[in-house]
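By letter and in written order, the chains are A, B, C, D, E, F, G, H, I and J; residue numbering begins at 1 in each of them.
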Amino acid sequence: MISNREEVTAAIMAAKVSKGIKWSDVAAAIGLSKEWTTAACLGQMTLDKQQAEVIGEIFGLPDEAVAWLQIAPYKGSLPTAVPTDPLIYRWYEVVNVYGNTIKELIHEEFGDGIMSAIDFSMDIQREANPNGDRVNVVLSGKFLPYKTY
Amino acid sequence: MISNREEVTAAIMAAKVSKGIKWSDVAAAIGLSKEWTTAACLGQMTLDKQQAEVIGEIFGLPDEAVAWLQIAPYKGSLPTAVPTDPLIYRWYEVVNVYGNTIKELIHEEFGDGIMSAIDFSMDIQREANPNGDRVNVVLSGKFLPYKTY
Amino acid sequence: MISNREEVTAAIMAAKVSKGIKWSDVAAAIGLSKEWTTAACLGQMTLDKQQAEVIGEIFGLPDEAVAWLQIAPYKGSLPTAVPTDPLIYRWYEVVNVYGNTIKELIHEEFGDGIMSAIDFSMDIQREANPNGDRVNVVLSGKFLPYKTY
Amino acid sequence: MISNREEVTAAIMAAKVSKGIKWSDVAAAIGLSKEWTTAACLGQMTLDKQQAEVIGEIFGLPDEAVAWLQIAPYKGSLPTAVPTDPLIYRWYEVVNVYGNTIKELIHEEFGDGIMSAIDFSMDIQREANPNGDRVNVVLSGKFLPYKTY
Amino acid sequence: MISNREEVTAAIMAAKVSKGIKWSDVAAAIGLSKEWTTAACLGQMTLDKQQAEVIGEIFGLPDEAVAWLQIAPYKGSLPTAVPTDPLIYRWYEVVNVYGNTIKELIHEEFGDGIMSAIDFSMDIQREANPNGDRVNVVLSGKFLPYKTY
Amino acid sequence: MISNREEVTAAIMAAKVSKGIKWSDVAAAIGLSKEWTTAACLGQMTLDKQQAEVIGEIFGLPDEAVAWLQIAPYKGSLPTAVPTDPLIYRWYEVVNVYGNTIKELIHEEFGDGIMSAIDFSMDIQREANPNGDRVNVVLSGKFLPYKTY
Amino acid sequence: MISNREEVTAAIMAAKVSKGIKWSDVAAAIGLSKEWTTAACLGQMTLDKQQAEVIGEIFGLPDEAVAWLQIAPYKGSLPTAVPTDPLIYRWYEVVNVYGNTIKELIHEEFGDGIMSAIDFSMDIQREANPNGDRVNVVLSGKFLPYKTY
Amino acid sequence: MISNREEVTAAIMAAKVSKGIKWSDVAAAIGLSKEWTTAACLGQMTLDKQQAEVIGEIFGLPDEAVAWLQIAPYKGSLPTAVPTDPLIYRWYEVVNVYGNTIKELIHEEFGDGIMSAIDFSMDIQREANPNGDRVNVVLSGKFLPYKTY
Amino acid sequence: MISNREEVTAAIMAAKVSKGIKWSDVAAAIGLSKEWTTAACLGQMTLDKQQAEVIGEIFGLPDEAVAWLQIAPYKGSLPTAVPTDPLIYRWYEVVNVYGNTIKELIHEEFGDGIMSAIDFSMDIQREANPNGDRVNVVLSGKFLPYKTY
Amino acid sequence: MISNREEVTAAIMAAKVSKGIKWSDVAAAIGLSKEWTTAACLGQMTLDKQQAEVIGEIFGLPDEAVAWLQIAPYKGSLPTAVPTDPLIYRWYEVVNVYGNTIKELIHEEFGDGIMSAIDFSMDIQREANPNGDRVNVVLSGKFLPYKTY
């Protein structure tokens, strides 16, 4: 019996590696972006019934796992507060080094409030570059203002 | 006598607030992006002599402070490993929720390696939107592959 | 010279205690709720020019402090991640004990998403009760759904 | 053999997902609020014999599990001191940003003491709103004064 | 200008040491237990006007400090989550070693709930003993039951 | 094969819940206080051969488990440095709020030294009280002075 | 079914110890340095198909494990942020004691930037020495400058 | 009056920046490596009388500071256990990613023991390279074996 | 299949308790001190082939376990940075309370350097004493000086 | 005005360095061991009136400081839970590596209980040795047994 979403994620990863499945193909199969689809498969988003069944078929998951995919998961994909993996750490470093800068510039443009991480999307693309290709990422989040009351 | 860069940052912030200086004007004055300029003023980047003197003039800094601006600072702009400020936390949350997703997709496209946080730039823009304006951010970092040796 | 918002908060608290000012009177003076007003005085919200000047007058603050009140502050009012003060700890305890319950029930009603802490208001009232008066608090936050993209 | 309450909670969650049980139906079955009932099923409250047997029947639990439901559990529902799940984090953020405000206002109204998290109830409701529905939560806790001795 | 209660505590301790004042004498002067009185002087309890004035006189405090003594303080007297001082650590050790035991026995006697740390008193006494005198401490806290709702 | 004391504690708890055993009855069976007996069953104290055999019989433990009960365990009964369970947290809170007070008063009475947590006993009793029954706890620890050498 | 790289690393270590395999022989078999090869076997680097198959044969790994070796792993080889093992701790100590020195000297020579840990190699050699042999390590990392933008 | 080595380090850094002193020139003045000299100036090593006087002259330090330079300091140059500065973090990352590899290879060559961080030297050099210059670092530490006793 | 040294340690402890083996007898069997022998059995030291076979026979270990005993282990015997067990905590307390004292006195006698924890031995003995027997421990570590380079 | 013992320790250290005082001479002046005397001067022990006056004279302390020396201090001499200074870390390492060994051997000899860190003394001596002089330390602590009650 499956008692949490982490077991489903582990089953997906095991199937992905043994079958050589690609995230972009999974995304195409459910007709959504590769970013959202991967996050969902890694236990961070909630799928609807149809999406879950497609995912279940691709990875060969049991019915129970398909049910879990339709439940809002306890989110957070990192084992430690400061990530040790170098790729993920660079992102943490950007937040650490540029954190106050991002805050100052958003406040200068919009006033007090935040950039939403819920009404949010992300797009990761390769940019060809003669000095070495670049990873280009566009983050888009709705500005949510603090209001007085 | 000034004994660290934090004192220079504090002096810049104090002058900024009391004089009502805008980051975008400072950036224009040294002819660089508002993102890099703000980060430099907040103690995260190193200015050359000419840039430092312009900054010193804008904020009314003593010569010693201008000297400190030309020294590579001890970087890291946040007081705690997990930021408490809601705007900055949302970025930490993105790294936490999407961390493994970013890792999977960059590896799927590029193989093992990282997206540089050094050969890196950031551009923050307002996107008008009838459902509420959005903050759009483009991050661009060179892909650096792990190689065998 | 004032170099951060914490110094302004300290000046407000010092004046509040020595002059015996009440938060509810401050709130009435700027025509907003006592919850928002107190949070603003404690360095968590941003005041507009008129509000800041009223606050400055009430607490006898210098012009520089009035300028700082109009700048979006670095938020977070607690000295440690787990609060030691018993009154505040009880709230942390509620989040700890009921955290998963809140998550389950909001998801059951609304689907995956969050209750906003930005488009948010709070109202704290005394409820007379023969077994001992109660603190009644109403929290109201907009539901923000995760969407697919 | 079941050796702790966490195993019972896991069994309840597994059954809930595979059978599609709703918390509000469970609450109706034992005649209590959905908030208390969910917390109890998630290992935070103690059930009496009759309630435990109803829960056991709904989720198909073995007798041992029903016995564990009647034992006061080691409480705390979060895996880390600062929650990573965005929905729960927003509540932590409220405590962090408004912590001192809550403290000031309760003390201003009641004097020194706390709002109980034991003689406490919580009610979570959807409020229809043309700008987007809201989550409204009422927290009610007895005020407990510090006394001299 | 005094901007927090810690400065008042520091002034009390400095005066206590330089004047050789005893806590038991301070307690007698305000007619309360030595435990409550000491905690209040160390910034953990709130004094009424009359008590604060007596304390102010004993320790030679300025008026502002006397005002601060009447404000509910941010409580917590230890610099680290796990105390390093051997005397205080032994108490932490008792909680660590006997924590589950205390929990089991209170639940066995009273059912689910807590022993209040607010409706609480403490009495510390020397017990003469031929094998070495003992510190005897009586802790008394009201039992507060969790109730269903 | 049992490889640590935690497995023995888990077996004792499982048997206690499924058989409905009471700590006070266990204590009576080995002729010691309920506090020491419970702590021993929860893996914090060392039993002699005769006591261990009685415990083994009551809880239906295998011989190996009975052997482990006679070995001094690695002590510490809490899963986190700051306990999340509300009942145990209240004790941590007492240490935190009253820590310096306890230190000051023991030093005022005895001089520099500690109250032993080893040559120590604890007695937990219900005190009937018309305003709600109270938990009364007597802690008794030998005073151990620091000496010069 | 193998669901993460740690299980592969455990299988490699188990085989290494029971068969008495040496890292330098493994390195020779895939024609790379002993440093990179060992890191790869310990779950820190990604092998290509041919390398993975050789490793799989040497350690007797199942096909699934060979597939995992070709996937970029979540890196970080230490169980705690500050390593407890004395050999590894000495390296952490070097970073702690000499950290600012390394920073100052690289900045003095190269300006602001970093020494890459990705475009990086390491060579560990024994140096015979009459006062006791020495471990000599050469670290080589590309300098990556921060640039203005 | 100077009461700790950190104040001396701060004075050295302030003088270095305002006077534009280079570490390599300081090293030449006392006839030692730039690595050891910089570490000493940054409060990590102990200077003899003659060296301290030269340093005192170069940086214009008072006699008390020169005395402090001759006292073994409390070592450790980083403000947090995991460094936030990107240059220093890369070194921490090397220890984290390669930690077990370093351990395995030193043990394979030398048996159980450590590479000393005391009988240790470090040499940092620029290596010209058409693909971008490299930082080359040689670490040399005596191997110290664990022995039986 | 055994995949780490901790499993060997667990097997040794399980056998020790079920068979009633004494550390001093184990030490005698391999002809070394009880301190080194116990540390080795607890996974902190490396045994040679002959020693490992004797240990294997005493505790009834499989061949694989005997192989693991000859591999340098990842050292560190405590589950938390600050130990919770009272006996071990007292040692941590000694380091905490006397840490700076030890540092000052070794530097006063030897100059800057350390007392080795590798070229190190420990001897624990009972000292009969009419006021209660004492634990006497002799620690002996080679002094290793920091040298200039 | 002196408001805590740390200021007294800082004054002692400043005077020690500027006057070149040796701990062994201070110890001789008050007729106690160098270990206890140094610990007392570093804020870890309590001096009697006569001792405090001698210390005050040696270091040129004001009367208030002499008063503070006679007050039991808040003990703990290290700035972080895991010490960064290499000399002190080696002691922490001994506790970490040998912690369980020490526990096992003391329990084997004495049964369950602890080695006191209060009824405790320490003696640090140089041992001449042709392979390099050694630091020999004798720790002596009373064994305190856990008893049943």
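Definition applied: contacts are C-beta pairs under 8 Å (C-beta built on N, C-alpha and C of every residue); 3 or more make two chains touch, one makes a residue touch a chain.
For clarity, every value in this text was computed on a predicted model and none was experimentally measured.
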Contact-graph distance - origin chain C, target chain J: 2
Contact-richer chain pair (by C-beta pairs counted) among C-F and E-J: E-J
Per Cα centroids, the chain farthest from chain G: E
Intercentroid distance (Cα basis), chain F paired with chain E, Å: 23
Distance between chain centroids, defined by C-alpha means - chain G, chain I (Å): 28
Chain centre separation in whole Å, for chain G relative to chain C (CA means): 48
CA centroid of chain A to CA centroid of chain J, Å: 53
Where chain J touches two or more other chains, by residue: 35, 71-72, 74-76, 78, 81-82, 84-87, 93, 96-97, 100, 103, 107, 113-114, 116-118, 144
Touching pairs among all chains present in the structure: A-B, A-C, A-D, A-G, A-H, B-C, B-D, B-G, B-H, C-D, C-E, C-F, D-E, D-F, E-F, E-I, E-J, F-I, F-J, G-H, G-I, G-J, H-I, H-J, I-J
Chain A to chain G touching residues, read off their complex: 10-11, 13-14, 17-18, 20, 79-80, 82, 84-87
In the complex, chain E residues that touch chain C: 1-4, 63-64, 67-68, 71-72, 74-76, 78, 81, 117-118
Residue ranges of chain I in contact with chain J within the complex: 22-24, 34-35, 38-39, 42, 44, 75-78, 81-83, 85-88, 90-110, 113-117, 120, 122, 124, 126-127, 129, 131-144
Chain E residues within the chain I interface of the complex: 82, 84, 86, 89, 93, 96-97
Chain E - residues contacting chain D, complex: 32-33, 35-36, 45-46, 71-72, 74, 100, 103, 107, 111-114, 116, 118-119, 121, 144-149
